[in-house]
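Below, each structure is written out as structure tokens.
Below, chain A partners chain B and then partners chain C, in two separate complexes.
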Partner chain A sequence: MLRILRSAGLGALVGTGLAFGGGVALAADEVTISHYFTGELGREGLEEIFSRFSSETGVTVKESPIGHEDFKTGILVRAAGGNLPDIFSYWAGARTQFVVDAGNLQPIDAMWAANNLDDVVSKSIADGATRYNDKRYLVPFGYHYAGMFYNTKVMADAGITEMPETWDEFLATLQTLKDKGITPIALGSKDRWPAQFWFDYLLLRTAGPDYRAKLMAGEASYTDDQVKAAMGLWKSLTDAGYFAENANASGWTDASDKVASGEAAMTLMGTWITGYWNGNGLKPGVDYDFFEFPTVDASIPNAVVGPVDGLVMSAKAANQANAEKLLAFLVSDQKAQAKWSQVQGALSPNVKVDESIYTPVMKRALETVANAEAFAFNYDLATTPPMAEIGLSMFARFMDDPSGYEAYLQEVEEGAQDVFEK
Partner chain B sequence: MTSPAMKKSRAFSPWPAAVFICLVVLALLFLAPTFGVLLAAMKSTGDIAAGQLWSIPTTLFLDNFREVLANPSVKIYFLNTFLVAVPGTFGSILMGILAGYVFAKLPFRGSNLLFLAIVSGMFFPPQIILIPLFRIFNALGILDTLWPLIIVHIAMGIPICTLLMRNFFATVPNALREAAILEGANEWQVLTRIAIPVSLPALAVLATLQFTWIWNDFLWPLIFTQSDEKRTIMLGLVNLNGQYSVAWGVQGALALMASLPTLIIFLFFQRFFIRGMTMGAVKG
Partner chain C sequence: MSAPLFRAVTMARRLDTGIMERQNTIWRILLLAIPLAVFSIFIVWPLLNSFYYSFTNWNGFNAEYDFVGLKNFSKVLTTRLFTNAAINTLIWMVAAIVLPSLAGLGLALLLDSKIRGANVFKSIFYLPICLSAIVVGQIWVWIFQPDWGLLNMAISAISGEPFTYAWLAKPGSAIYAVIVAWSWQQTGLSMVIFLAGLTGIPQDLTEVAEIEGATRWQRTWHVVLPLLRPATVVVIALSVINSLKGFDILYIMTGGGPFNSSDTLAMYMYNESFKKYRMGYGSAISVILFLITLTIIFIYFRQLKKVDEIYD
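Moving on, here comes the complex of A and B:
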């Protein structure tokens, strides 16, 4: 009875309760969320987190999970049809910017301040991922870091004990591996996106984060010398035969398998690779490890690349008060964050989470991000979705035939002119 | 009458053998993906990652099937898919029978044009009406129920059902209908007592096609359902994959189980199937 009274009270507070009576009053005790965290582990982890939230607050979470790729379509149709859930997961960066600009999201500055999230969320993530058009819209839920993951045994067998830090050391390492008959770098760019990390890091290391940000926003040209130089550097690696052949024929897991089996030595990939490898029985720190993408020009600030999975609140959220409660809970509750990092193999944006939950490799990834001067989103999240389509296709084409890269860049720039209406 | 002597004298012709070998090779090629899925379903993800996809498993590894069967959502996915596919199939075929009969036997002024308009419904991509339909169902308050799926599948099935039934009814001699009417039957009785019983092959074809299409549909349930309790099997299959994780073995197991109902339907109607496909096709 008390519960019903409280529900009715909340319903009246929300404002629509009176008109519809009991039905909506009951709805005040729930919050709807749509997300792309599928798969057995992700679902189980979330269910546990949501049930803790429900028992603590009395608010029921109604979830609508859908696979990563299909989520992209599904949520945009729901936005166009005016039926967004209270909260949904979204990729921080240009994609969130897009839904903010379309007026689909609600700012969460008040909720952020009320819950002191400045003290909870790591500053580099908060600065880079949560603010759009000078307002805060996104709560970071987990993030990943892209690094050079390698097979420790293969490297040791090749006599490589020190991991390369500069470009020259990197080239020497690759040559040593090649001389031993090992493919130095595996890349599975069948789905295009795995190739983007090469472009991201080469551009960030040679032209710097500021220039890259301009390029991503359409304020610089793909035919600039900076972009040509980065692509030229990439081509020098393919010309030297350091990449596994037919990169476009395999996916990222195939490339990971090549490294795991010792056929190749390393692959540039996000920290989710650790989840995949751990699941296949590899030991973090023993069977595999990672090193940072080498420095090319020491004068350029060190940036790291990765995606941030965020949660946003829709502009017409029916259960706004509950949605804010859930958002705050998901990022600030240490148990929830720890659980999530473990099931998803992600890094927690919550600085208070006990580091003992991480494997040694993940702990180093966390430190790497903390020590970096800038956090940059990977290409397909840093630039607008239509631009990302054009760029990703160019990367795959480049892996197929690197010799024509200057012509490809010319075509990409023509596409960029259309996308950004220059 | 063929005497034994004549049989012996028949020269061996290499052509049937060559054709036979070609067909066997093609059949094997077509079956290879299914076989790959079966192999994947009987292996752990670790084995598959180690490059063991095409090897014959040495031990019978059934954990993937166990995992799928133990998942309570899978039963709900199956039930939901049946609850959509069965009424969707019946509804669209019923509409096709009624419309097809009118177009074939009771033409009226402009009926050919109307027939063309209905059939042209097959040729536009469903994505065009995605958002308008979403808005309509949202306004009706039936999103996240199975009703939008049933309604859309019936509607989307009308063109092909009408086309096939009209063409089939056109092959039923007019004399049959006229004789029945002379005997005092009305139009409804002609349809139910004469036209439908002779068109079982066409109905079998339609039932198989429609059921398979609806069963395998991904787009509409993706858009119109939201909670896990309303999802269909194809969405469940995709949701086994994590954001960055793969589940080849479990997905293989569920994919095989999900293909069983359509396989059973096909086997059930098989003897009508080829006959029906060609019968409707010749008379335009």
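Moving on, here comes the complex of A and C:
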């Protein structure tokens, strides 16, 4: 009762009574799942995958998709009301840690062992994304790599045949494009998160993965010289006029459209951009390609950035057996994994998936991740959610007026001291 | 009718009335119980919960939490983001009351002067109020779009120079851009109330003033506007209530951004509670917002009493 009432309380906070409601007993052949894979994030493909699961197992999948940004709020309301679905999608890293610490998830070690998932899931993903507090909680469904995606024709027309590997080469490339009257970089930071990849890579390339991990855990300060240096480097790019104007007025798809149309040359984005572009008729490797974020200091280990989309089982799943079946199916069924990679532009955590399913661009992305010395979650998945909110707002503020970045960092550090109770 | 029969009929009537009274009371209780139960579950209990959680550090996910006393309130009242949201709320309320009221009054005066096609214009100006705030918000997001939005295209066409100002993405203009959209929608409502008020003004008075040599402006200022006072009170009271509910359009158009620059107290509370997972802290903001709203509603009821007195 208390949970129901608490849920009603939350509903009132957002001005809606929709949160009110208790759990409903389900038939034995059902499993409930809520996820954020809507629209361009692969909804259609997922329906097909669920349909195949149902026909193979006789278990009906009752799904409730919620838009990516609204999902963060929606799942909180359901958790507070004790009304979580059997399974829900969640981002591996600090966000999952947050929900695990709150006692909302059920460990899946037994299911993992019974389905021999150690032989199925790539070791680096299994080690880095699935275990929390020494237990396994998350099944990786797909993962992404953030790279510099560019329009091949625009680069060729500007005479750029070799993609930059070092910072100096990168600057030369940007200047060449600018001199030709092409906007070098598109960024759509309206929803703030697309700007985070710049901070992530600049900090990783200048201060290294160990320092970044400390900053994400609240063990370093946003006013440290390392952070200032990374932000300073970012500012040098904005000062030079390499970014398209009004970044905060565009979403990531707007920025992707600018690159696709040739209005801008490149955008730093996750591999889900390939799903979006392929859906719009662009040919991977022909119309677009990517290069790795350039090295700034050769002595610093090469790290790649990206998110792992996971699936977790709620602590009080009403249909545990069916939920475990679905979790195992989604990660181990090669056809499901192949389909998901194709529709979403995701890389498969399943090592048995035939690499021929990948486009040439995705195959290179896979190799890039495999060759990297470290895989880091992007900012809003690497640090705790309250801290991520503060940092993401700072990135958007930086894109509006980079000149005040040192003052912004001071404010972010004040927020960090509050969040991490330093 | 004989005396005994008369007494019997009177007694029977009294009995009937008594039974009916009792039945009425039962019906009153039954009929009131339903809305009261709904009101208690969805308004009173959550309200009490908000008070309760405002003294805790509950994050929304955890089953357990600690009591932190007045810590949330002291934090809220000393943070820069709260001051920013409070100032924005004040700007929002003043603008959301003044602009639609003035625009509605202007339109009502224009359309009441027997211009051709007045009824068509009345319908057109009233139309936005029939749309949901979400639809209005999305329409204005497109109008304010920097590269291909209607507003910037019009400015570019007039000035002959490309104009790409990002109205909703700049901290200096975001909240004002939302106020424009809000006013556009709400003006129709004010206009209709003022038009109703204008029909109640006797034509003799304006005619007499005209015969006495009063100009159109003097007639409006000294005759029409004083007689529109009851309508004005209704318009302002409704604007206050509507502006307090104006969360959805802000959520759609800016979400409180860019970087909190268009946060109102309601938006700030939402972001702290649901995005930063600080439900205790967000509850403290909602309690403060509740107290502010309570004060405004108290003033509103006093104004309503004044309206009654005017009509009486």
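Note that the second predicted complex is superposed on the first by the 391 of 422 C-alpha atoms of A that agree within 3 Å, B and C clash if a C-alpha of one lies under 4 Å from a C-alpha of the other, contacts with A are read in each partner's own complex, and residues count from 1 in each chain.
As a convention for this text, a contact is a pair of C-beta atoms (placed from the backbone, for glycine too) under 8 Å apart; a residue touches a chain by one contact, two chains touch by 3 or more.
In this text, all values refer to a predicted model and were calculated from it rather than measured experimentally.
Chemist: Output check: A:Pro284 vs chain B and chain C. Expected answer is one of first, second, both, neither. What do you get?
Modeler: neither
Chemist: For A:Ala80, select first, second, both or neither according to whether it touches chain B, chain C, the two together, or no partner.
Modeler: both
Chemist: Touch check for A:Pro164: first (chain B), second (chain C), both, or neither?
Modeler: So A:Pro164 meets neither chain B nor chain C here.
Chemist: In the superposed arrangement, which partner chain does A:Ile66 touch: chain B (first), chain C (second), both, or neither?
Modeler: So A:Ile66 only meets chain B here.
Chemist: Using the touch definition from the top, say if A:Gly310 reaches chain B (first), chain C (second), both or neither.
Modeler: neither
Chemist: Considering only touches as defined above, state whether A:Pro385 meets chain B (first), chain C (second), both or neither.
Modeler: The answer is second: A:Pro385 touches chain C but not chain B.
Chemist: Taking the superposition as given, does A:Leu41 touch the first partner, chain B, the second, chain C, both, or neither?
Modeler: The answer is first: A:Leu41 touches chain B but not chain C.
Chemist: Which partner does A:Thr253 contact after superposing on A: first (chain B), second (chain C), both, neither?
Modeler: first
Chemist: Which residues of chain A are in contact with chain B in one complex and with chain C in the other?
Modeler: Residues 73, 77, 80 of chain A touch both chain B and chain C.
Chemist: Once bound in the complex, which stretches of chain C touch chain A?
Modeler: 41-43, 45-47, 49-50, 53, 59-63, 75, 80, 145-147, 164, 166, 168-171, 247, 257-260, 269-271, 273-279, 282-283, 286
Chemist: Touching chain A in the complex: which residues of chain B?
Modeler: Touch residues, chain B against chain A: 45-46, 49-51, 67, 130-131, 134-135, 138, 143, 218, 222-223, 226-228, 235, 238-247, 250.
Chemist: Within their complex, state which residues of chain A touch chain C.
Modeler: Where chain A meets chain C, its residues are 5-6, 8-15, 17, 20, 72-73, 76-77, 79-80, 98-99, 101-104, 190, 192, 245-246, 248-249, 385-386, 389-390, 393-394, 396-397, 400, 411, 418.
Chemist: Going by the contact rule at the top, pick out the chain A residues touching chain B in the complex.
Modeler: Residues of chain A touching chain B: 34, 36-43, 62-68, 70, 73-74, 77-78, 80-83, 85, 253, 256-257, 260-261, 270, 272, 275-276, 279-281, 309, 344-345.
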